[in-house]
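Shared between the two complexes below is chain A, which has chain B as its partner in the first and chain C in the second.
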Partner chain A sequence: MRPATEPAWFDRWQPAEAWAAWRPTATDPWDFAQAAHLHRRAGFAANWESLERDVARSPESVIADFLPRELTGDEQQNLQAEQSTGQILAVAGEARRLSAWWLLQMVHSPHAATERLTLFWHGHFATSADKVPEANLMWRQYLSLRRLAWGPFRDLVQEIARDPAMLIYLDARDSRKAKPNENFAREVLELFCLGTGNYTEQDIRELARAFTGGGIRNGRFHDNRYQFDDGEKVFLEYRGPANRAEAIDAIVRHDACAKFLVWKLVRNYVADDIPRDHPLIEHLATRYRQDDLRTADLLRQIWSSRLFFDRDCRGARIESPVEMGVGLLRSLGLSFPMEVLADALRELGQLPLFPPSVKGWDGGNQWIDVRTAILRSNLVHRMIQDGRFAGEPHLPSWSRKDWPAIVKELVQLTCPQPISEQLHQGLVQIARDTDGNDQQRLAVVMGSLATLPEFLVA
Partner chain B sequence: MNSFSRRQFIAATGAATALSLSGPLPQVFARTAASIADTQAAQRPDRILVVLQLSGGNDSLNTLIPYGDDGYYQNRFALAIGRDQVVPLGDYCGLHPQLRPLLPSLEEGRAAFIQGVGYPQPNRSHFESMDLWHTAHQLHYKSLRGWLGAAADRLPDNTFAPMLQIGNDPIPDSLLGQKVLPATLVDTQNFRRTIDQFSAVSQLRGLDKGEPRSNPLLSRLQQTNDTADQLSERLRAASLAAPRSTAWPTTGLAQKFKQVADLIAADLPTRIYHVTLHGFDTHSNQEPAHGTLLAEWSGAVAAFLADLEEQGQADRVLVFTFSEFGRRLRENASRGTDHGAAGVVQVAGPKFLNPLLGQYPSLSDLDEGDLKHSIDYRSVYASLLRDWLAVDPSEILGESFAPLPLFQSQS
Partner chain C sequence: MSLRALWRWTGRWQFCPVFLMVLPLFGGMLAAANAALYPSNALRSDTGSQAAEGASTPGRLAAFFPGDTLLYAELPAPERLVQKWLQHPTVAHALELDAVKPNLRSPEFLAFKTGVTLVEASLGGTWPELIADLGGGGIAAAALPGENRFVVILQARDEARLKKAAESLLNLTALQARNEGRDQPWRIESRGAAKIAIFDGFAMVRSGVRLILATRIEDAEAVVQRLERPEAAASLATNPTFQVAGPNIHSDQADAEAFLWVNLEQIRAAGLAPALNQAVSDNPFAELLFGGWLVALGSNPSASLALHLDDAHLRIEAITDYRPEMAAGPRDYWFGAAGSGQAPRWIAPDSIDGTTVMQLSAYRDLGQWWLNKESLFIDSVIADLVQADSQLSTVFGGLDFGGEVLGAFEPGVQILVSGRPGSNLDPAAEPTAGSLQIPGFAIIGQLREPRQTTRRFKVAFQSVMGFVNLGLAQAGLPQYDVDTRTTEQGCECVSRIWVEEEADVQSPVYSFSPSLLINNGRLVLGSDAAWVQALADTPLPAAAAGDLNAATADNTTLPAVAGGGAAPATILNTHLDLDWQIVVQLLKMNRETLVAQNMIENGNSRLDAGRDIDNLLQALELASRFDFRLETTDNHMRMVGRIDWATTAPTVITGEDQP
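Showing the complex of A and B:
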């Protein structure tokens, strides 16, 4: 464990250089490992063929594929067809199966980066189906987060501030003029927009008055103007009679908002241990403000940056349970019962639609301890043992059953950092010693690989 | 040698008692100093601390109820517990009826409530306030320094699983030390790798353990995996411990406490256990949900104490129960209560000075509608560190928090 004073890998960088666009060179090339890194971070891990294909393209065009664009008619139709299953589960009130459906979307969707970003926003605006009895409201929240994920942050908060699932989750329905409920106001400032230290208890009390009168009727947001406090409120730099929407606008305009969001996004996509007040964050926040908090622009800059393609960035985050489970299925071309995966991910601490608290998932160091370390390797073992391959595992050397080469390819595909020759030999030995068919052998090899630190990072 | 010698201990005690508490010293603490200094520490180097975290902000006013104060009934309408229902502990306050299982221990002096515990400038955010409790106010970003983790770093024999969290909550920041790593257990029976029957796998685990890694993240994960292997082996050996007769409630919390009791019976060297009970953020329709939680809490702790008694380990184990804050005196419009400030801390296990420690906060002298603290929670920590775990509190909390006298001399 690093003492607090020792510099981290990202401390080497000056902000302006760190966020400048990366240009591959002969000594620092765009290669298989960088392409795997980009997929693993921006979306979810990719399979061998996609990575080989992307190495032959430029990083810019691969990044452009992750970013949102107008869908063609066919793509639109496909998306609707995929989402109709989710819709059915939602109407049927099956939140746990809806979570499994979302995991399946992450595995198969051609828009992996959108699902990944939606998962980020879900953790940011955490709402749990444990407390929201209507799965349909969770589904509508998911669609809102997905639809507004890439756009200006303001639109997203405005939507969430009227989102029935959120209001139920935070006990923020029916806040009355005489006794404003402070819970929602507190979370908007602390967890959604500004972060701690940027507002006072007095700001919370004033803001709570702007949120009075909001409720739910027939599953939709409803303003009860008789319970709205239309008097003057004074909070942050605002003074006036703000209603819900005006109050949100005032908060999003606050300087701390861009910085807080940039920090959260950089933690998710670059370094899970970067401090909130790091100069790298401040620099990017200025740009995010200029871009009117358009998240797509921010992410393009992050994914194109020299910092992102720094070799030390590879494997500098602990991989989240969802990234691990979804990534394994994608990278090997494996299928596995998603409800079983969902149960396992809950044990590992990250089941979508069921975050542990309004703070979402802390992630980082919290993901792995002795229990989850064992559960991760057990899960990897089980997924390959009980899963099914579409044809064969997607590995160039699979058909030759050349285990030294297969082990090498598995490491390239699933580990952001190389492993030592000795560990490589240890894994080859496991493949040789294991009885059973090739899939069982692969399961034990991968389960063993999953006990190594290099597998647990992303 | 790393252990805390008796001479060092007395020196530390002397220094600490020379300082005053942050608030006025309540009457009940008149018995202090030397007699208490003699009681604890260094005599048993194997004492265990079980921390129960009540997450969400427990309503201390409906836990230890000031039923002798009209101010309580003037601010609580829907939520007031009637005078005839309170389990009295003297004329002023008493227990919520669902805490009755704790009464025998309180009467025997083996349990106590510490009243009016909090800290200056109360923070009413769950996460901020919990962070303060976890890190003893040493909030700096990457500190990785929870108060319990820092204590575990200083325990004499901390090489193997000194801290265990029971249940699948995320590891609380309180357990993050600099040297030793906390671990979590959910199901002690199935704590093993499914691939561990393959001999080549154990060979790989051996290779991994010896693999030099300079990357700090990778070497931390390497250490975690190594501890996991060792713990798995120990638990398999421990599963053969003799059965006991205590009847345990079927609640989730009781099952967690039963696991702790099993691990203690199996002689695991763990010194700090951490258990969490969620659901105390009672903004609306507080009753009967709050009562149910109190029943879960008191039932689990009562069974745990009975089991330890049966094991003959009762003097070795202390349960410390806290929440990130209390709740507002005045109830809200949704038959609930909002985030407050000072609250109560509960301790159980060994002999305490008095079942009620400290003073009940005034219901008329409030801080923005909330109770004011008279005991800083760090004074409670200082006592648990010095007098229970025999760890010098000044290294963790600084010099400003004198240990609160809690214990009766075990003569």
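Showing the complex of A and C:
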């Protein structure tokens, strides 16, 4: 990784230029690699045919597909069917299987960007089924995150502040006037809206009073007006008798809120290591505030920007385990038992619905160490060895069994940057030296490719 | 000799010419494939009459096996079995299944087809012809005491063809060995008049119209000696147990397509099946269902099994001895006094609404079963039951669960499952797509002293529903509104889900409205209020309760309810009747759940998972009904299972067709 003292690739950009819309040129064209980059970041990767199809379109129209749009009749019908499946698992109380179901959604969803953004918000408003015993509550939280993912952010926080799973997770379902629970108030300020350094302990105590009276009845949020502290509260720039909703409104109006969220979203979609106080963040935060914290507008600007399509942006994030697992299934057209994948992802540190703490997943460098690097390689090998292709792997050279070409296509599909000729030859040799059928060869080649740094980044 | 050893033994042969050659002779499974190989009837037109002439009763080949044989299996008329199978309408339906058709074009099947063609070419005939000529006199296999001891005998109709087959077998094996650069894989040794081909792993000898294959040379030699001098050595046919309880124990043995005899005494002595040496059970429900058979298999010298197949049914009948002392011990709860326990039929399922999926009727004295637990189960199960006894006694207001609760019932229990899912939904709350469709359940019993015990059960029901409501409240689910009242005939306790505000209508809890009705001593406890009411109001069948035993002469059809009079020769102890067509309907109603299960387990897309499930549902439609009986007579116990085949081809299912 880059030493802290060295300038980063994004440091050479002036904010206004960086976030301006990218226009393809002869020397910087909209090509297969850029299309793969967009899919890898905005969604969960795509197969060869989809990428070729998208290269023939304009980047604007491809980006528009990632943004919230009216689903077609078939897509809507499929989504309802998928969600009824999720509901069945939720009603049956099977959180682990619900997690496997969500992974399957990420693989097959007609709108992968929504699932990816929902996963981001799930990490942001981290709630674990390990502590919330009713899978049904986790299911309802998932639906809320999905429904409100594209903003405005205010609506999302309002919903989360009344979400039973969150209240159970943060022990905030019994906050009384006489003994306000500060836990939830602290997390709202620190983890959900403002970030550290933008509030005081006094703000937390005052805010906790605004959240009193909230509880759960029959699995739903319930306001107990007898336990609500209706006195005056003073926090941040607010003074008044705020209730839960008014307090949330006051917090999201704070200047630090937009900046904090932009920073987290840019980390998620552009670069892991961008600092919170970077001028690029401040510039975008101003726009986000003007747009009333509408996340869809913010993401359109990020995905359309010159910074996003900077060649150095490719590989500037370490791929999370879910992005890696789901991306592999999507890019190769592979089916694999989802519960097995879920177990493996838990080993790798990222199982949806089971974040490790209220801070969610740290991401970035935390994803990779010696143990997880080996586990990733083994998982990739196993997914291809034991998985089932719909017909054949979606690679143009597969039918010819032209291994030098196949390896090249695999790298184009799964790595953001090319690999050296020496590594390419090495992988081809591995394919030739491997006994067994073609799928077993592919498994060994991909397992080897998965050990390279080029595969671990996105 | 264990099943594992049997598999290892066959595994060594699976890819060698010998196995390839012998394989078609065990026709059954291959016959279906052959229907694809030979779309028209592959059998010669005269095979039916030949089969009739050659029809043989099972056990003819037993004279060539040793008296201490552990397992003896026989296809008395393989030709007839293959003919029936090839012409069977269900096989034709199966070959049209969406799941089967692509497999008939798969590389694996084409390779198999090539192998069969190779064998046919070398022996000069289609495989059905080969079965008729090489196995027409019967095929028998036996497992003998000791490690890796198996013997197979084929009795041919055409000696010349058998001779050619044996020679081809040797030639094929030698050819394959040469191609693989190996030495000659067999040698010929003379043993008396016989010449035995010794392979690496087994021996083969032909004697007249018979071909013997054995895993040990000595066993092959012994068979030859019995063939030559049948009077000189003891054989299975002279084994007194086999004589008494062999094939002849089955009344319709001449029609049996397959026959199996198990030497329980030898198996127990050799310790091959530890469960048979165990006087107690480790599974309370298995004990409850099969307790009488567990004691029989643990003490009887042998058991035999026969399989019958016709266009309408597949029937398997197992028979073993019944002795009065079996019913004298703790299994009295299962057999009844002197083995007289009869399955009750307090309610005839057909009289309700025509949606009954399953009915199980059994003679069981549940109070005695519970009280005798120390004699029936292993220690860990007893400990669990003692703990359960304490908890259940609390639920029942301090009553002794075994003696006062279960003991309050007359022996006998009837369980019904209805294909009509819960009708207790609020009419305004329509179930949405994907909601679980759970069938209705009811259990019926007869109280010994209704006047004394009705109120006891009413209070217990109220207590249980109180516990249930507490659990539902903790889970944030709507609770039950329980109505109870005492009537002149007994009591009515009905529960219905009470929806106060917005609630999750997809919760399975909506499929249940547990209710208890007691009507003149008949207790009905079920999952659906309206259905329970209908069951409780159903008049008793014309004949007295507790008699399902007017079995028809051939025991293949459902018995009618018998009147009083002398004790019947056959006592029906347990009867399970499953309407498979309604089961499939229920599964179709829950298709979404099954698809979800498949998607998660296999990572399939919805389309692929839907196709897998539809293929499965289509395959299940091949059968229409399942009937299972446990019966006793003065001397025997019979277990009869029968599958009725569907008369129509399975429907083509698409996602759009689903309810």
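Convention: the second predicted complex is superposed on the first by the 454 of 458 C-alpha atoms of A that agree within 3 Å, B and C clash if a C-alpha of one lies under 4 Å from a C-alpha of the other, contacts with A are read in each partner's own complex, and residues count from 1 in each chain.
Here is the rule we use: a contact is a pair of C-beta atoms (placed from the backbone, for glycine too) under 8 Å apart; a residue touches a chain by one contact, two chains touch by 3 or more.
These numbers come from a predicted model, not from an experiment.
*Asks:* Identify whether chain B and chain C fit side by side or clash on chain A in the overlaid structures.
*Replies:* fit
*Asks:* Classify the contacts of A:Pro275 with the two partner chains as first (chain B alone), second (chain C alone), both, or neither.
*Replies:* First partner only.
*Asks:* Look at A:Gln80 in the shared chain and tell me whether it touches chain B only, chain C only, both, or neither; answer first, second, both or neither.
*Replies:* A:Gln80: touches chain C, not chain B.
*Asks:* Touch test for A:Gln366: chain B only (first), chain C only (second), both, or neither?
*Replies:* first
*Asks:* Identify the partner contact of A:Thr196: answer first if only chain B is touched, second if only chain C is, both if each is, neither if none is.
*Replies:* A:Thr196: touches chain B, not chain C.
*Asks:* With both complexes overlaid on chain A, does A:Thr451 touch chain B (first), chain C (second), both or neither?
*Replies:* first
*Asks:* For A:Asn183, decide between first (touching chain B), second (touching chain C), both and neither.
*Replies:* After superposition on chain A, A:Asn183 lies in contact with chain B alone.
*Asks:* Which holds for A:Lys259: it touches chain B only (first), chain C only (second), both, or neither?
*Replies:* Once the two structures are laid over each other on A, A:Lys259 reaches no partner at all.
*Asks:* Taking the superposition as given, does A:Arg330 touch the first partner, chain B, the second, chain C, both, or neither?
*Replies:* In the superposition, A:Arg330 touches no partner, neither chain B nor chain C.
*Asks:* Between the centres of chain B and chain C, viewed from chain A's Cα centre, what angle do you get? Round it to the nearest 10 degrees, please.
*Replies:* For this superposed arrangement the angle is about 90 degrees.
*Asks:* For A:Arg97, using the defined touch cut-off, is the partner it touches chain B, chain C, both, or neither? Pick first, second, both or neither.
*Replies:* second
*Asks:* Quick one: chain B or chain C, who's touching more of chain A?
*Replies:* Larger number of chain A residues touched: B.
*Asks:* Taking the superposed arrangement, what is the smallest distance in Å from a C-alpha atom of chain B to one of chain C?
*Replies:* Taking the overlay as described at the top, chain B lies 18 Å from chain C at its nearest C-alpha.
*Asks:* Enumerate the residues of chain A that count as touching chain B in its complex and touching chain C in the other.
*Replies:* Touching chain B in the first complex and chain C in the second, no residue of chain A appears in both lists.
*Asks:* Where on chain C does chain A make contact in their complex?
*Replies:* 432-434, 436, 475-478, 501-504, 506-508, 592-593, 595-596, 599-606, 608
*Asks:* Residue numbers of chain A touching chain B in their complex, please.
*Replies:* For chain A paired with chain B, touching residues are 1-4, 6, 171, 174, 176, 178-179, 181-183, 186, 190-191, 196, 201, 273, 275-277, 315-316, 318, 347, 349, 356-357, 359, 361-362, 365-366, 368-374, 377-378, 381-382, 417, 420, 422-423, 426-427, 429-430, 432-434, 444, 447-448, 451-454, 456-457.
*Asks:* List the residues on chain A that touch chain C in their complex, please.
*Replies:* On the chain A side, the touching residues are 78, 80-82, 84-85, 87-89, 91-92, 97, 100-101, 104, 107-108, 134, 136, 216-220, 329, 335-339, 341, 387-388, 390.
*Asks:* Which residues of chain B touch chain A once you look at their complex with the stated criterion?
*Replies:* So the residues of chain B touching chain A come out as 124-128, 140-144, 161, 165, 168-171, 176, 178-179, 181-186, 191-195, 198-201, 203-205, 207-208, 211, 213, 215-222, 224-225, 227-228, 231-232, 283-284, 332-334, 336, 338-339, 368.
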